[in-house]
Every structure is written in C-alpha cells, then in structure tokens.
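Presented sequentially are two complexes of subunit A, the first with subunit B as partner and the second with subunit C.
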Partner chain A sequence: MHRNQKHNRWGKFILLAPALLLIFVTTIYPMASSFWLSFQDWRLTKSDQPNGFVGLQHYQRAFTDEYFINSVVVTTEFTLLSVGLTIVIGLGMAIILQKKSLTNAILKTLLIFPFAVSPALKGYSFRFMLAQEYGIIQAIIGFLIPPLKGMVWLADPFWSLFWIAITEVWGWAPLYALMFIGALGSIPTDIFEAAKVDGATNAQVFWNITLPMLAPVLLIATLLKTIFSLKIFDQVVTMTGGGPGRATQSLNHFVYQVGFRSLDMGYSAALAYILLAGLAVVAFLYVKSLYRQGA
Partner chain B sequence: MKTRLMVITLLVVILTALVACAAPTAAPPPAAPAPTAVPPTKAPEPTKAMAEPTKAAVPTTAAVATKAPEPTKAAAPAMPYGLKPGKPYNGTTVNFLNCCGTATQFFSLNQKVSEFTELTGIKVSEWRGSPYAAFQEEILKETATGGGNYDLLVYVDAWGQGIQNFIQPIDDRVKADNYNIGDFPLVYQIPGKNKKGETMGVPLRGHAFMLFYRKDVFDKLGLKPPTTWAEMEAAAKTIQEKTNLKGLSVYYGLTGGQNLFVWESLTWSNGGDLFDKDWKPIFNSPAGVEATQRYVDWLLKQKIVTEGAKTFGEQDGMNEMVQGRAAMYLGWSWMYSNFTNAKVVAPEALNNIAFVPAPTWEGKGKSATYGHIWEVGILKSSKKQDAAWEYIKWLTNAATEKKVALDKSDPKLDNVVVVHTSNQLDAEINAKHNGLQKMMAESLKDARTQPMMPEWLQIQPILETAVNKMANGAPVKETLDKAAQDVTDLLKREGYYK
Partner chain C sequence: MARTRKGRSWAQWRDWSVEKFWALLIFLFVVFPIFWIALTAFKETRDVYTTKVWVPLTLDNFITIFTPPFNYGKLVLNSFLISTITVAIAIPLGLMAAYVFARYEFRGSQILMVGVLVTQFIPPLVVAIPFYTLFRSLGVTETYLPLVAVYLSIVLPYSVWMLKGFVDALPIEVEEAASVDGCNEFQTLRHITFPMMLPGVITALVFSFIMCWNEFTYALILTGEETRTLQLGLLATVGVRGVLWELMAATGMVVMIPMFILSFTIRKYFVEGLTMGAVK
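Right, the complex of A and B next:
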C-alpha cells in the first residue's frame, strides 16, 4: 500500500514531465532569456552578441522616450475604442439574432467567418476598401455623405485609428455575438415573463434584467478582447505603418520597430516586458474572474 | 487545490501566448566567440556626392572574371565566370537568404541556376517568394540567433552597415580571383564596404532614380520631357488642366523609408545634404527646408499629386501610372519592366510610358539622386563560404547578367536591371530596352548613397515619420528641426559627439 502511494506520487510527476519540459523549453527559457536581455546593451548594429549589463537603463529610457509614451497612449485609445465597439455591436447583434428562425440560423453560421480571416488580411482588405480613388467603403460613404467624398481616411489621425479599430470589430463582434447568444439563451425565460407581467418595458427589461444577467460573460469578454487589443500589430503594419506621423503606432508596433528595424535588441526586450506587464495585469483579472465564476 | 492548479496552468498558458506575441527577442544569445570590440562608431565615408564616374566602364585586365565566358586557348581547362576548375565543391548545397523571387531578375536567375550547378556541382536553394517587407525580419532572425541556416544573403544598401558584423569580408577572394569590382558604378560599390573599408558585398540588383512620363499625353499637349523640377511642375499643371489625369505620382506614406527617396533627391539637387562631415544633421538647413517645402507643396499646395499619396508606398505610386491615372511618376528604373508589361498596364498607357533622368533644381546644375543597390555577401556563420563565393561569382558575373537582361522570352523574365557599367553601356542590351540602361549609367554618375552608418536604420524611421507628418500638414521647418534634434540625441547616445 505504502509502496503504491509512493509510486503514485512520482507517477504524477512523470506524467507531467513532458508537458513541463515543453513549457520550460517554449516559455520559461525564452522568457527568462529575453528578460535578462532587457537588462543588457545589445544593438546588433554594434555587436553580434550582448555588450554588457546596463541595469534598468532601458526601462528608465522608455519612460522618457516620447515615442514610447505616444505608443502607450495610442494603444490605450485603440483598446478603449475597439473593446467598447466590439462589446456593444456584438451584444446588439446577439439581441437581434437570438430568436430562433431559419434566417437567424444561417446568419449565425456565417458569423464565424470574419473571425477566421487573418488580421493582416483584414488590414489589407480594409486598406483597399478605404482607398481614396477606388475603395468601395470610400465610394459608399461618399455617396451617402457627399462632403466626405474623396476623404483620405487613413491620413487622418483620428479616422485612421478608428478604421483600424473597425477591422478588429469586424472580426470580433460576430464571434462575441455568438457567445452572447449562448449566454442569453441560458437566462431563464420566466424572469423575462415575470417582468413583462409586472409591466416592464423592453428597455427596462434590458437594463435591469438582461444586462445584469450577462455581466459575468461581458466581463470575461471585455478582458479577453482587451488582451488582444493591447497587442494590436498586424493592421497597424498593413494599413498605416503607424501613421500618419505616429498617430497609430501601437506599443507592439513600436517594439517591433525598435527590435526589427533599428536592431536594438536590449531596448526592444525591455519595451516588450513593459507591454507584458500591462497584459499580465489584465490576464490576472481575467483568470480571477474565471476562477470566481467557476467557484 | 485542483482548481488552483488549473488556474496557475491557465495563467502560464496565457502568459506563453502573450510572450510569443510581445517579445521579439526570445532567442538565446548567439554562440559566437569572444565579443568583438567595437570602437565608437565614426563611420568611415561620409556620403558626399560621387562626382566622378568609375573608370572601370572600360574593362581592364582585371576584368577576366566578369567578361563573357569564352574558352581560352590555354591547355588547362578554363572555367567560365572565373569559377574554380575541377568541381572542388561538387555535391555541396548552399543556402541563400533572399526574398522577392517573383522579381523578374531574380526569377530569371533562379531559372538559369542549373548552368551553375552543371559547371560546379554546387546546388543552390531557390529564390524565395517572401515579400520585401518581411525580408529584414528574416535577416534579423538569422543573425540574432547565431546563424548557421544560410551561407549567403542579399541585402539593400540601407541595411548593410547595420548588419556588417555578420558578413564576412571577401577582399582576399576578390583579389585572388581578379574579380572586377571596378565594373560597377562607384555609387554601387560604396554600400558593399564595411566601416573598416573591407569589401563585404558585391552589387547584384541596382536602380537609378528616373522620371517616367506618358509620351502620348506630352506629345498631344506639345510638352517637352521635363529636365528641371519647375518644368515638371508646369507640365503637371498643364496636364491636369487639359486632361483628367493627375500630373504626378509620388508617395508620402510610411512604408520602410520609401518616402525618403524623392525627398533626398530634392534635397541633394538643391545643394542640401542630410549630414555634414561630422555627422551633424543638416537636412533642416535652408536648402533642406526649401526642398522639403517644395516636396510637400506638390501635394498640399500645388495639388499635382493625388491626396491619397499621403498613404502611398512606391508600389501604390507606381500603380497610379500603371493604371493610367497619372501622367508622370518618380521612381526606380526597374519599374520600366512593369510599364511595358501588357498584362498589368492600362491599354492607354501601354507602350506610351517613356523615361528621362530625374529632374534637376533649376539653376543648380546636375541632378543628384539616390542610387539604390542590393549587395550579395557571405555570412560569417557559414561553413560553406568557398562554395558560396563560387555562386556569387556566377550570380554577379557580367555575362550572367547580360543573359538575364536579354531574355525576353516570357514577361516573367523580362528584366531591365543591370548593374555592371559595361552592361549598362552595352548596345545589345540597350536595344532591347529602349536605351534605359544607358540612361541609368548617366544618372548614376552623379548619384549618391544613403548615409553609410549603422545608425541609419534608427534614423530612417525618424525621417520617414517626419516626411509623413509634413505631408499631412505639419509645418516644415519645425518638423525638420524636431527630427534633427531627435537624430542629434540618437547620435550623441551612440557616441558620435557630445
């Protein structure tokens, strides 16, 4: 019996070993290595390997670097815009499509497709659709609102960020609509019926029953989308290159520029860890909310 | 306990995903030997005008390796292209870090590589189709991780100084094989040198900056091809008044520094420069400001450029010409292949696009444009450097280049790019391409390189962002001053000056 217990104790570690090894090789070691690198001077333009320990220099430099601060501001604005629009539009779609019908069933099937489109492709597609001379979105807007005809959307600081956010909303809102349809379906119908009997209007039902009942799902959806929005990169590259000026340069794009264009590996690693710190806070909240709901 | 373990595992998985996306430098440090001492970077050669054309336009005795392969009368079996006889590297495969395999020059070279393999027994990995924009990342991956995957690479001039630590000098090989570097225009040779003055690459693909124009429209309106910027502006205005075409197509968007090409040409042609001899930025000098203002005015004030150009890269700019929306385009000589390709050019533009050298600043003499070049070099980490050099000799040989330039059997192979001066002046090649190469040679005599300093990779984003901002209405003088200050701060940090 005792021997079996001992065998079981080691057995679980043996069974876990391949997974732990994989995590160590693919996560722990690269993380530790790049974290160590963030304290070193390694500019590939100077040397083919790190040139020495510089302590917190890169981190200090980041907080006095106006381009870094700009990228943090842009990323925050983008996150607020894209997360807000995704949740609101996703919820609106869910409410419209929740009733069971053949049309809704077909539409729900189609909803998954935008999410399957790669972010880079989304960026290119929207760039073409917004093109001043031949873009279809540009043409439609110009037809509906003549003063906006010929507008170069991606050359305007606000609208360029807005349209990058829209590419995200286009991909994510349908997915969230499906998620919210599921959540709406899980709310007992007798609550709605009771409210109607008590004379509640549709708006009152939505604000006082639907929304509070959806709150846990909304929280998780918001946190998850926040994580993805904070990492925005592909559409920035394919639609604006961070422009006009630096008006759409996200933090991830700035990290990329410092690392892959300017070849400053140490500073780039430090910037990536600052981004990671922000993401880790949101990830922590996300896991905590999952844990609470599980409990 | 179980739940806690699940939560922790979940957290680890999320962090894994985040790190994978966020951290670009997860690679271990390279297993290179002792660190190379790098003195404070004072780049060796400032990029002043290349006033004198290379004397090697006339082949010298050293040109044996780059002459057309002809069997000699000597008893020993002579090898064409200066290749080593006896196939000493038979069975070796060299891996070539490259991109843009669909470019007609590269496609054609790829197709003809079997000749090299037959002569040497060396196999070469194919030209890859990965886009130009992703190519620098490929180079970074190879170099930052210690290398070993590739033996040789191509790189554009602007990157050369930045990655010189990873490229093997080849002076001994050049000397031993009498490789004729002198047959390349001087402006193409400079980016092949590292800061010690050693040769690290040889030219493979190069361009001259030109003005393309719609000959049919010019003829109809009685306009002459512009020789100065003022003439170009006047022609553009006339065209816009009398046709539905835009006068000019250029590009101000943020696409890897492409919006600097026209800006540099204007600045240089106005007698300005980017840096002085001490590497202090002077692009905000009165000449620089005047040139920049003119560049921005084409878009904002004169309106001879479509407003969409604020987001254009050079490809978008070229498409304006290809699709018949613009009457003039400032761009690279290689684009002529596209302008003559019936599959892509609008019918009204086909066979109607002609070219002249980029205009000059009125009253300021010769034009000074950017001579763009791709070099090919051997990676220090390669274990097959000898075989890689054999391939370079074949790849960059004047005879190989001539074969590629004359092959018009398929639009995919129709290539106008030649980088040897002897080929640029070759009558047969020029006859095939309406004299484009001869005009390239003329233009390159006064062309310049981008600043040859490792920090150019960091300076380029500052300048391209400034140009883009100004195209979107930011004041020219203030924006250039701010960019100059940023560049000064950067170069101070890099030890150029206090």
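Right, the complex of A and C next:
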C-alpha cells in the first residue's frame, strides 16, 4: 500500500511536468520578461540591448499620452458595443431557434461556421462588403434605407467601430446562441407551462423566468466575451488600420504600433502591462463566477 | 364554428410565418457573408467590383494565388505544419496533465489549475514582445520555432482545461474495475481511459488546430519571409491599387473551407469544447 502510494505520486508528477513546464516557459517567462522590460529604455532603432533602467517613466508617460488614452476609450467603447450586441443577438437567436424542428436543426448546424472563419478574414470580408459602390452590404442598406445610399461606412469614426463590432457579433452570436439553447433546454418546461396557465404574457415569462434562469450562463458568456473584446486586434488591422484617424485604434493595436512600428520595446511592454492589468480584473471575476457555479 | 377554425388556422399561419421569417433572417445573417466571399472568389475580375450575382464563374483567382509571384502553396504548407506540430505536442501533454488534474487532489492542485486557466487571458503582445527580441537574437526567425512556441502558450492551457472537462465526465468506476483486474496505472490509461476519451481528444485537437490556423497577431510579428502563414497571405493581397478583392476572397476560401470541414466533424461537441476550455 505504502509503495503503491509512492508510485502514484511519482506517476502523477511525471504526467503533469511536461505540460506545466511548457506553459511556464511559454507564458510565465515572457510575462516576467515583459514586466522587466517595461522599466527599461529600449528602442530597437538605437540599440540591440536595453539601455538602462527608467523606473516608472513609461507608465507615467502612458497616462499623459493622448494616443494611449484614446486607445483606452476606443477599446472600452468597442467592448461595450460588441459584448452587448453579441449577448442580445445571441439570446434572440437562441429564443427563435430553441423549438425543435427540422429547419432549426439545420440552422443550428450552420451556426458553428462563422466562428471557424479567422478574425483577419472577417475583417477583410466586411471591409469588402462595406466598400462604396460595389460593397454588397452597403448596397443592401442603401436599397432598404435610401438616405444611406453611397455611405462610406468605414470613413465614419463611430460606424467603423460599429462594423468591427459586427464582425465580432457575426462570429460569436451564433456560437452563444448554441450555448444559450443548451441552457434553455435545461430549464424544466413545467415552469413555463405553470406561468402560462397563470396567465403570464410572453414578455413576462421572458423577464421573470427565462432571463433569471439564464443569468449564470449569461454572466460567464459576458465575461468571456469581454476578455476577447478587450484584446481586439486582427480586425482593426485588416478592416480599418486603426482609422479613420485613430478612431478605431484599440489598445492592442496601439501597443503593436509602439512596439513593432516605432520599435520602442520598453514603452510598448509597459502599455501591454496596463492592458494585462485590465484583463486581470475581468479574468478574476470570470474565475470567481466559474467557481461559484461549481465548474 | 367555421369562423373559429378559420381564425385559429390564421393565427397558426401567422405564428408559422413569423417564426420562419426570423429563421430566414438568421440564415441570411450567418450564411450570406460566407456566400458572398465564396462567390467573389470565383468571379472574373471585372465582375468583382459590382454587386452582380449571376456572372460567369472562373478558377483564375485560385490559379493566380497558387502560381508566382504569390505561390500561396508555401503558405498553406507553413500553416499546416506549424499547426500540426503545435497540436502534436500540445494534445498528448495536455491530456496527461488534464488526467492528473481531474483525478487527483494534491496540495496546490487548485491553484495550479487556475494558474493554467488564467494564462489564457494574457494579451498576445505581452508574450510577443520578449519572444520577438529573444528569437531575433537567437537568429531563428526563419524557422517554425517562434510560432510553435507561442502557439503552445495558447493551445496547451486550453487543451488542459478542455480535456479535464472530458475526463471529469468519465466514470472513475471503469478505471477502478480495470485496476482490480490487474492493470497498472499506465495500462489503465492506455487501454481504458484514453480510448474512452477519444471524442474529447478529437474535439480538443480540432479546436487547437483551428486556433493555430486562424491565428494572426503572433504570425504578423514572429514570422520571417520563409515562414509566413496563410493568414498573412490575406495581407499580401493588398496591392498598389488597394486590396485585390478577388485574390483576397480566393485566399479566404483556402483559409476557411478546411476549418468548416473540421468544425463540422465535431459539431456535436462544439459548444462543450468551447465552454470547457474557457477558450482562447
């Protein structure tokens, strides 16, 4: 018995070690290294090696850097927009498709496809479809709402951000719909029937039964989408390049520009760390709610 | 009597058509962008810059991207090899770790697990900045090493969590029965646990592959001329006159069709796969 336990313990660590070691090397090492870099002056244009310790200078600089502040505002607006739309549209889709039928079964299969489209491609595709004159979405909107005919969507600061959010909604809302359909299916149907017998309207059932029952799933979905939205980058590159002006320059895009266009590694590491701090807060809430639900 | 029946059937008809109208709207929302890119990929150049639907179709755009000067076959190969190498390392290691996390409680196991989970929330640039400088100084930017390394940082934590979910769902009694029958721990794993986990493993495999294949940020920063991936091929369709949309669309088809096929094979586990891994 004693020998067996000892054997077990070693077996355990042999199985665990390779994965943990690799995760450590590929995440903890660069994290620590970035943290250290964020206190260094290191412009690759000047030297191949860090040029010395500058203390909190990069962090101080960030909070007086109007481009940085702009990128924080853009990222926040984008996150609110894309998370809100994804959850609402995902929920709407789930409610429409929850009834079992052949059409719905086929539709549910189709819902998995947008998520498999790469974010970079989503960005290009929507940019193409929004183009003036030959963009099909632009043409359809112009046909349905004549005053918007010939609108250059991606030249407008708000609408360009909105359409980047739509690319995200397109990828995520169908997926969340599937998740919500699963959750809806686990609500006992007699609750709905009882409510109907008592004369509740559809709206009352939705607000007083469906929504509270879905609350745990909605919370997880919201936090998860928030984490991804705060990291938005690919579509900014392929759709707007951060423009018009800097109207769609997300924090990640700004960090990229500072680090890999201006080659100011120290400052960009500090900026990346500020983003990390923001994400850490959301990630903390996420882990907490995950554990509260006993996942 | 006749009136009520007529009334009821009208209400039914109305409900039916409202339902189908929304279903149609969802269908268009989901499918239309994919359809439009697919159509554009097969259009002749002069039709690309119109909104025409009924046009002659051609394979020219695909021929263009797979011949000089584009030669995207090379990018497909890079993407495929980088994704395959990453997944081939991540899934076995992830499975081993997931098994331990699911089956044993030991001091610090909870903290380790949460630690593995939160690594997924690290923004890519925090990882990319030090790796960029490191790989540059090592002179390995023209190899697959940089991307495989950073993709492991995404895929490995994800697969540990996802596979743990699948192990949790396996009844432990089966393993106990095997050990009563004289299997040692590794024999049980090999002959009992792993085969039963096959759906989970395939799901993790497919998701991990899709993540690597579709990844853009790291690829943009960490690849050299010879190791560019297919996602970067999308960028290169930007010519002096703006984006060459027919080539973008053709490349887009090569990007997305294999991923559609992969997703379709795991459609039953799609939601589970994503929520269990907490997802990158």
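Going forward, the second predicted complex is superposed on the first by the 279 of 295 C-alpha atoms of A that agree within 3 Å, B and C clash if a C-alpha of one lies under 4 Å from a C-alpha of the other, contacts with A are read in each partner's own complex, and residues count from 1 in each chain.
Definition applied: a residue touches a chain if its C-beta (ideal position, glycine included) is under 8 Å from a C-beta of that chain, and two chains touch if they have at least 3 such contacts.
Model, not experiment: these values are computed from the prediction.
**Student:** Quick check for you: in the superposed arrangement, does A:V255 touch first (subunit B), second (subunit C), both or neither?
**Tutor:** Touch partners of A:V255: subunit B and subunit C.
**Student:** Just to be sure I read the superposition right, which of the two partners does A:G142 touch: subunit B = first, subunit C = second, or both, or neither?
**Tutor:** In the superposition, A:G142 contacts neither subunit B nor subunit C.
**Student:** After lining up the shared chain so the two structures overlap, which partner does A:G182 touch, if you call subunit B first and subunit C second: first, second, both or neither?
**Tutor:** second
**Student:** Mind working out whether A:D234 is in touch with subunit B, subunit C, both or neither, as first, second, both or neither?
**Tutor:** second
**Student:** Name the contact category of A:F128: first (subunit B only), second (subunit C only), both, or neither.
**Tutor:** So A:F128 only meets subunit C here.
**Student:** Between subunit B (first) and subunit C (second), which, if any, makes contact with A:L276: first, second, both or neither?
**Tutor:** Touch status of A:L276: both partners.
**Student:** Looking only at subunit A, is it subunit B or subunit C that touches more of its residues?
**Tutor:** Of the two chains, more subunit A residues are contacted by C.
**Student:** Is A:M265 touching anything from subunit B or subunit C once the two structures are fitted on A? First, second, both or neither.
**Tutor:** It touches subunit B and subunit C both.
**Student:** Contacts for A:T26 in the overlay, against subunit B (first) and subunit C (second): which applies, first, second, both or neither?
**Tutor:** It touches subunit B and subunit C both.
**Student:** Once chain A of both complexes is superposed, is A:F115 in touch with subunit B (first), subunit C (second), both, or neither?
**Tutor:** Touch partner of A:F115: subunit C, not subunit B.
**Student:** Jot down the residues of subunit A that show up as touching in both complexes, subunit B in one and subunit C in the other.
**Tutor:** In subunit A, residues 23, 26-27, 29-31, 33-34, 37, 44, 48, 127, 133, 227, 231, 233, 252, 255-256, 259-260, 265, 268-269, 272-273, 275-276, 279-280, 283, 286-287, 290 are touched by subunit B and also by subunit C.
**Student:** Using the touch definition from the top, list the residues of subunit C that touch subunit A in their complex.
**Tutor:** My answer: residues 19-20, 22-23, 26-27, 29-31, 33-34, 36-37, 40, 48-51, 89, 93-94, 96-97, 99-101, 104, 106, 112, 114, 116-119, 121-134, 137, 149-150, 152-153, 156-157, 160, 185-186, 210, 213-217, 220-221, 231, 234-235, 243, 245, 248-249, 252, 255-256, 259-260, 262-264, 267, 270-271, 274-275, 278-279.
**Student:** Give the list of subunit A residues in touch with subunit B in this complex.
**Tutor:** 23, 26-27, 29-31, 33-34, 37, 42, 44-51, 127, 131-133, 150, 152, 154-155, 157, 227, 231, 233, 240-246, 252, 255-257, 259-265, 268-269, 272-273, 275-276, 279-280, 283-284, 286-287, 290-291, 294-295
**Student:** Okay, in this complex, where on subunit B does subunit A touch?
**Tutor:** Touch residues, subunit B against subunit A: 3, 7, 10-12, 14-16, 18-19, 21-30, 32, 35-36, 38, 41, 136-137, 140, 143-144, 161-163, 165-166, 253-256, 306-308, 310-311, 325, 380, 454-455, 457-458, 460-461, 465, 468-469, 471-472, 474.
**Student:** Applying the document's contact rule, which stretches of subunit A touch subunit C when the two form their complex?
**Tutor:** 7-8, 11-12, 15-16, 18-20, 22-23, 25-31, 33-34, 37, 44, 48, 93, 96-97, 99, 103-104, 107, 109-121, 124-129, 133-136, 139, 170, 174-175, 178-179, 182, 220, 224, 227, 230-231, 233-234, 237-238, 252, 255-256, 259-260, 265, 268-269, 272-273, 275-276, 279-280, 282-283, 286-287, 290
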